[in-house]
Amino acid sequence: MIRAIEFYVDMIFVTAKAWILDLLSRFLPDWMVVLASITISGVVILCMGPIIMMYLTLLERKLIGRIQNRYGPNRVGKWGLLQPIADGIKMFTKEDIVPANADKIVHLLAPIVIVVPALMVFLVVPFGERMTAVNLNIGLLYFIAISSVTVLPIFMGSWASRNKYSLLGGMRTAAQMISYEIPMTLAVVPAIMMSQSLSTNTIVLAQAGDYDLHWFIFTPWGIVGFIVFFLCATAECNRPPFDLPEAESELVAGFHTEYSGMKFALFYMAEYMNTFTLCGIAATLFLGGWQGPFFPSWLWFFGKTFVLICVMIWFRGTFPRFRVDHLMGFAWKFLLPLTLVNILLTALWQFTSNLAAWFWSILVLGISLWTLVKLNRTFVPEKRHYPLES
Amino acid sequence: MIVLPLSHILIFSLLLFAIGIYGALVRRNIIGILISIELMLNAANINLIAFSKYTSLSPETGQIFALFVIAIAATAAAVGLAIVLALYRIRKTVQANEVNLLKW
Amino acid sequence: MPILEIAVKFGTYAVMAGILIFALGVVTLRNLFHCALCLAAALIGTAVIYVVLQAEYLAAIQILLYAGAVVTLIIFAIMLTEHLAETTIRQNNSQSPLAITGLLGLVALLTVLILRTPWPVTQTALKAKVSVMGLGKALMGTYAFPFEVISIILIAALIGTVVIAKKDDPEERL
Amino acid sequence: MVTSDQILLVPLLPFLAFVTNILAGRWLKDRAAWLSIAASSLACVIALPVCWAVFQGAYFAHQGTWLMLDAVPLRFGYLMDPLSATLLFMVTVVGTLIQTYAAGYMHGDPRYSRFFAYVSLFMFAMITLVISDNYLLFFMSWEIMGLCSYLLIGFYFEKDSAANASLKAFLTTRIGDVGFLLGFLTLFAAIGTLNFSEMNGLLTEAHKTHAALNTGLLAVAALFIFCGTIGKSAQFPLHVWLPDAMEGPTPVSALIHAATMVAAGVFLVARSFTLFMAVPNILPVVTAIGTITAFMAAFIALTQNDIKRVLAYSTISQLGYMVTALGLSGLGAGTFHLITHAFFKALLFLGAGSVIHGAHVQDIREMGGLFRKMPHTAVTFIIASLALAGIPPLSGFWSKDEILLAAFGSGNFLVFGVLLLTAFMTAFYMFRLIFLTFFGTARNAGVHAHESPALMTVPLWCLAVGSILIGIPGSPLMHHWFQRFMAQTVHYPEYEPSALVMACSIVVAVLGITLAGVIYLEKKHWAVTVAKNFPSFYRLSFNKFYFDEFYSAYIVKPFNALSRILFGFDETVIDGTVNNTGRATMFLSGVKQWIDTYIVDGAVNFMGTLVYFLNSVTKRIQTGFIQNYLLIVFLSVLAFLAFELKLT
């Protein structure tokens, strides 16, 4: 009985959509029905995206406040719930300044181009049991491809605003995004190897099992993969501690210094949507997506991503900012080798028996971590001596 | 689901290829030339995929070839741009017509 | 569903036209940055064409590699070589008339060729579905050797570019 | 004890003397004579025991290969059989004596060492000739002797007559030598070997088994070989050089033109006696030539006034005797006469030499009454003349008797008659000579003549003793030992000695001597009357049968004419063509030079400029703009495509 209720609640959205489609199919031609289903899921995503983004900003400001031992915004609406709407209105009313000899078209295009991939990624995220928008069989690859395109608008933004700070910020962001994209992609490979397929849905199904002990995170390579993926995710969406490019103290606002008003809001929205999708994907890959004992699948998915987002916000509150060369060194000299070792581990895991696998993988993991840390310590360039100090 | 006749795609890639050649022949900036070369390679890729889709017996070959072409194009672009950077650092120019020492 | 097919057909034609326009943009625009962006747009357009030709995997690869990596590389190069506020100078040089005539000749020649030759379009090929699994197997099986060679070439290019583009400050010389 | 290489020393010693004299002549000066005398005497000392051994019946033959005519070995070596032993004995003894005499005679001569060098070279040649065992070595030594005779005759080369005489001697002997060369080559063709012993073996065996020998070829060979003898031993046609050879110093005449060299011709015939026996119809020719020479020479000698010329003609006549003896197949007689004649003829010449040395004049009409002034010379001279004339106890008689016996025995009485007449003439002119020089009144020359020193008279006496004793071995006293000794190698017919022949020869000799004495001692005017009423004979005899004139008129003059014609031809035709070709090439080179400069160089330069022009045209393609190249590539590809697709 409970199972039936569960199933019913679980499928609530799917059934809703199916009901609407039946309704429409009565008096619309079939191809129109197909179009209708596409538009329905499209509209749902397009609304859900900004709403999530708005409430993420609120959540972040609330949590940061709490970390810094103060309340977050609570003036606007009950517990500050209406704060995002207030920000939105503010963004709309702000005057949209365009620098004098800036490149008008590119300046205008940059925010638009950055939002589109952010939204396109939702296509692949598996919200619930049968609630992924399009069940592409190359889902994960699609996700990686789209996230790699995000570098382009940043370039456009920094170049079009024609000022040195934004250019420098743009270059740094681009460098950081590229160098963290590789470890992220490689971190994903173990999950793909184990689940034998690229589509997110099958990956989540591969993690199903009794008492949810088959999540990938509970395997040695899973933990390492998850940590690396999570770190790269935070770097990917320029959230602290990897948010050097638009760090206020040094580069004013990085590549979107010249933006104000709605364009700045778009940049902001793209960033937060990225965080949401990345956390969602992290959850699907390693935390078993919508797998959960009791609650409906979509609830489990949103809960897990919500937890990961809180961790990210927690990062913001605690960690100091990375220096540029440490940032790059960390990606190339620590994360990349680690992911390679991780892939080796999963292969090892695949072909050895359970207990021996645990032992071997821990051993290899320990050794590689130890060597990598040792190596990195030697390569770190020594402190620079400025002549005045002598 | 395939609706397009093969010849249309071939003509499209031919046009794209012609535009690429035009760019390579005409652009004054070396990076412009490199970009147009990328365009030409892309046109070739389209052809590969189209043929593998429409005619070839083992469908994968075309795609794998395209994959390799993309890889090679990437390496070519990388090395080309490295050379352009080196050239820029030495000669402070990337205009093709200013780089003309290698003549009689 | 004929309507959908018609829609897709028109969609692809529209995308093709868009790509051609962007390509023209790449070739003729004065501002090099705009050209790079048009290139990116053109590449993404071709990715869409790949999707239409049921080569999704390749479309993703195209976007990932081409639009993501190569265009970024080009933009990096542009940033490093272009002066920020430089007035853009006329882009094409003296060869354009000759080049255009040659091109028109080429296009005419090849279009006639394309239209005249009976391409061996086989229904089986049209039906065949290319799955990522199949691609993976082919890549690892029959094309294993090229796969290895490509990796070597990539590494060589990697090292090559680093060596060429590295600023050779004296005291650090090997 | 005799060893084989001892014999090799015999020719080697004179050769060493020759070499030292030639090389160190200027330094040696007088001592050169003693060196060559020592060499020849030492050779004589070595040779005598060998000869003695051969006399006892020993026989030495040794051969060494000299060179390989493509796998056919050419062997040289020496052969010591009775014939060569006797000759060796005669040559060494007479040679040594004459050299000792020459030391005295040539005293004070500026080219003293060179004379002795030539003499010892001659000795070396003669000895090798004598002991050689094949025709080739024989011919080589024969040639060296010809050379020595030329050098020695022309010793006083300042005198034109000496130079001409030496040249004449050399040329005439050369003609004979050519004949001899052709002879032994045809012989080689006929029987395939040049070796004497092999030849003897072959011919005698063929003779015995009457095998078919191509006698025609052998006859030709024999005839040619006899030409060599005619040339060398001054026989009938080629005798003209010997009288003129008297220009040389007297010891030379004695050694070469009396004893040894002229005897070589006869020795040659003796050596190839088996060949002549194998071809009997050649022998009459030989005898004819011999008798003619003998008679003619004697006849000329009658009227000669120069002492050396008389002796020269007597030598020719005696050689004629030897040749006739061999012609009558009397090997023993011929060689025996050769040995005896060598001794007393050498003595005669040396005597004449000391007369000239003393009286410093050669014409016998100016001499006279020298007997008292030069007793030794006179006595030895008289002994030699007696021997020559053929008075019994002396050697001359025995050897001449043998020849006459051979003639008488073999039955051709004409030859016997002529020989007897010649013997008479010989006796006559010899004693005419004696009486004119030694007896009678001293015409102007005799005034301050003086006896030669001991160095010259001692050899005279040795030779005198020799000429007396040498006759004995061949005489009945020793039972014709010499003839039997000779018969060991080659068999030839023997004739029992007949008293008649001996009687005739004695009568003839005595008649001659008395006639000479009568004419030249008491009745001087007889000579003049005889000359007057036999004018043609006298002129003939005095002018030497006009041979010289005949030769110069009919041989030398046409020869010169012919050479002048040839010279003319050579001048015009050959030189002409040479000059013309020269001029032609000059012209051609001019043309070539023109071609070379304008056409060849022109072409090359043209090519150079052409390339430069093309270069300047194609140079423009390389503009340095990379896009130009790309355009070129593209257009060419397009062109190829268009051409390839042929979509017209």
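Chains: A, B, C and D, in written order; residue numbering restarts at 1 for each.
The definition used in the following text is that a residue touches a chain if its C-beta (ideal position, glycine included) is under 8 Å from a C-beta of that chain, and two chains touch if they have at least 3 such contacts.
Since this is a predicted model, take the numbers as computed values, not measurements.
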Two candidates, A-C and B-D; the one with more touching C-beta pairs is A-C
Closest to the centroid of all CA atoms, by its own CA mean, is chain B
Here the gap between subunit A and subunit C, centre to centre from mean Cα coordinates and rounded to Å, is 28
Subunit B to subunit D, mean C-alpha position gap in Å, rounds to 113
Note: subunit C sits from subunit B at a C-alpha centroid distance in Å of 6
Between subunit A and subunit B, the Cα-mean centres are separated in Å by 33
Residues of subunit A that touch at least two other chains are none
Expected list for subunit D, residues touching two or more other chains, is 625, 627, 631, 634
Where subunit C touches two or more other chains simultaneously, the residues are 57, 61, 69, 76, 93, 95, 99, 106, 110
Among line, ring, star, complete and other, the chain touch graph is other
Checked against the stated definition, the touching pairs are A-C, B-C, B-D, C-D
Touching subunit C in the complex, subunit D uses residues 625, 627-628, 631, 634-635, 638, 641-642, 645, 647
Residue set of subunit C touching subunit D in the complex reads 93, 95, 98-99, 102, 105-106, 109-110, 112-113, 116
In the complex, subunit D touches subunit B at residues 619, 622-627, 630-631, 634
So, in the complex, the side of subunit A touching subunit C is made of residues 29-31, 34, 101, 103, 105-106, 109, 136-138, 141-142, 144-146, 148-149, 151-152, 155-156, 159, 162, 164, 167, 171, 174, 178, 181, 197-198
Touching subunit C in the complex, subunit B uses residues 1-4, 6-7, 9-12, 14-16, 18-23, 25-29, 31-32, 34-36, 38-39, 42, 45-46, 49-50, 52-64, 66-68, 70-79, 81-86, 88-89, 94, 96-97
